[in-house]
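Please find the structures below.
Shared chain: subunit A. Partners: subunit B in the first complex, subunit C in the second.
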Partner chain A sequence: MRHFTLSLLAGLALSSPGLAAEGTRIQVSGEIIDTWCYYSGVMGGPDAVVGSAHHTCALWCSAGGIPVGLLAEDGTVYMVLKVGDDTQTAGGDTLLRMAAHTVEADGMLYERDGLRYIVVSDVVSDLDITNKNHEDYGNVPGFSIPDPNK
Partner chain B sequence: MRALSVVLCLAALPAAGQSPFPVDIGGSYALTDQYGAARTEADPEGKAQLLFFGYANCLNICSAALPLMGQMVDALAQDGMDVTPVMITVAPDQDQVETMGAPLAVHHAAFIGLTGPQEDLQVAYDAFRVEVEPLFEDPEYGWVYSHGSFIHLLDGDGALLTLLPPILDVDQAVHIAATYLEPAQDG
Partner chain C sequence: MLKHLTAAIALLATPLAAQDFSEGSQARSWNLYAEIPAKFEAKVVDLVCEFTGDCPADCGAGKRQMGLLRTADDVLILAMKNSQPAFTGAAVELQPYCNQVITVDGLMLDDPDLGARNVYLVQSIVPPGETDKIKANTWTKVWAKEHPEAKGKGPWFRRDPSIKEIIATEGYLGLGLEIDEAFIAENF
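And now, the complex of A and B:
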């Protein structure tokens, strides 16, 4: 957990309030993640709370208001502020549809308060769920799929 | 043009309705608190505010955001920074003037809960770009709603200073908020 929070806030001590600079256009490839479970560690380690193993929980969290992140291949996490024509911040059906998907996103990066926010202008490619880690971890957490017998 | 407007916003703190982010976030609203008093985006005492859109008995992100807000208020107060925690309900059928106060007080005695007619709430949702959608009905707790993902740090006039993802821990969130706030002046 501590490792991740330090990673999340890398550069915080050097950052002044507000935006460090105007937005920078970037293209990022990575997975759309559930940031709460990823950073809190409450549902398992970082390798278990991504991919197909965590897809159901990621849907619950995204629908329930957890900010969605884009976990880049180099480990950087971008907080998704907005996607495409969505009028809402970090919400809407688009992000639900892309939970746990590997995507290539074209957008603008804004660094603020030591956090990296991305406004995604275009999802260049959506490869669906490519991380099939349910084969290793099963469903994480198990209770994210309701028991029909209860 | 968009980049230019961002730079200009940094030159001075934004007025109500202007956003320091590349997405327009913030604006006016007029709702009713748990005491039956009218309240707008401006704090009556001019204090900075932590604003979240959720509901008092939420089992989702509110269960992280509301306690964090309460802890932030106490931590900032120790450094002389007075901040009011405010929650605008996304579930007016559950969060009414008579019912909001007690569950919010669990998180902090100073919590202000705001509700109102759907059309007045929608004004606030739209201003802060918050999607509110009923997802399903829990037989024990009632309707579960999608709602906002960020805590909004507002100044005393209700202008957005910054966003705080509720995944931060208290120290991190306080560190960020404190960079925007000044200790209250005695007397």
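And now, the complex of A and C:
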């Protein structure tokens, strides 16, 4: 009987889904950003590592599996964990194609230990790149565009 | 008696966030403004699983974002970066230890002005039951195996087919090829 109970418990542990956290449904608008460059400052200040100036580097980081964020108009960053049915947010194509775009997202918000995570159920709108900050910052980093003279 | 009880309660109430995880760290500085060396034991978790209950046995095979649930205080750390200076994340490094307890060494970013809290660059991993650390630098090797068609000279990010396709149609600035041409003519 004891073995049966242990086997049953082990079976349940293997097959059952994990416990879900309690989230809050939100709609948020903002820019799809590369969170490493934004948080680390490794390529420059926060205004320079977004938008058209940073588009190519945002592609590199997204394809490289660095977490992609949604930078809301109030400065809040939401870490994107899923878009629709696509959970491949560590290097997947869905977020790659939205790099530096301004979007409106509907999803579930989870707050944990100082960070905000979002599971996006629907991208309500995608306005493409609206932050044309290359006019102020050029391309960031400078090597993101290969020098055609070399 | 009351004095001892008060002291015990005060000790228990000491915020765990005040713990110093830099002790024993051998993390290399990246000269980042907000970096703090941090070495700690943690359980490797799939973040989608953690929040939604959707939990594949392999934690998403390196394609889902991963977290580190720190043993000492149950704080969830976002594993953002591996040790390669090559625009590469940490999921591929951590996924082999899905739901296992490991020891990591690296750099924590803490920048309240930008909202960066519990964000981590993993430099090394001590697997469960082992004493030797391994470098968290396998991403480019994994990418090369997944993209044999992209073999060639130069860094991976210049050769990645998905990146090249987007740049070919939208340009480096993402605003179209005409804007790219004008920008390059003016700046190079």
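In this section, the second predicted complex is superposed on the first by the 120 of 150 C-alpha atoms of A that agree within 3 Å, B and C clash if a C-alpha of one lies under 4 Å from a C-alpha of the other, contacts with A are read in each partner's own complex, and residues count from 1 in each chain.
Quick note on the criterion: contacts are C-beta pairs under 8 Å (C-beta built on N, C-alpha and C of every residue); 3 or more make two chains touch, one makes a residue touch a chain.
Everything numeric here is computed off the predicted structure, so don't read it as measured data.
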Counting touched residues of subunit A, say whether subunit B or subunit C comes out ahead. C
Determine, under the contact definition given at the top, whether A:145 touches first (subunit B), second (subunit C), both, or neither. second
I'd like to know which partner A:114 touches here: subunit B for first, subunit C for second, both or neither. both
Once chain A of both complexes is superposed, is A:129 in touch with subunit B (first), subunit C (second), both, or neither? second
If you stack the two complexes on chain A, which partner ends up touching A:79: first (subunit B), second (subunit C), both, or neither? both
State which residues of subunit A lie in both footprints, the one left by subunit B and the one left by subunit C. 17-19, 23, 35-36, 39-40, 60-61, 63-67, 79, 81-82, 87-92, 108, 110, 112-115, 117, 119
Give every residue of subunit B touching subunit A within the complex, in rising order. 2-4, 6-7, 10, 20-23, 25, 54, 58, 60-62, 64-65, 128-131, 135, 144, 146-150, 162-163, 165-169, 172, 175-176, 179-180
Subunit A to subunit C touching residues, read off their complex: 14, 17-21, 23, 35-36, 38-42, 46, 52-53, 55-57, 59-61, 63-67, 75-77, 79, 81-82, 87-93, 96-97, 99-100, 108, 110, 112-115, 117, 119, 128-129, 132, 134, 138-139, 144-149
Residue set of subunit C touching subunit A in the complex reads 30, 32-35, 47-55, 57, 60, 62-66, 75-78, 80-81, 86-92, 109, 111, 114-119, 139, 157-158, 160, 162-163, 166-167, 170, 172-175, 180, 183-184, 187-188
Given the complex with subunit B, which residues does subunit A contribute to the contact? 5, 8-9, 12, 16-19, 22-23, 35-36, 39-40, 60-61, 63-68, 79, 81-82, 87-92, 108, 110, 112-115, 117, 119
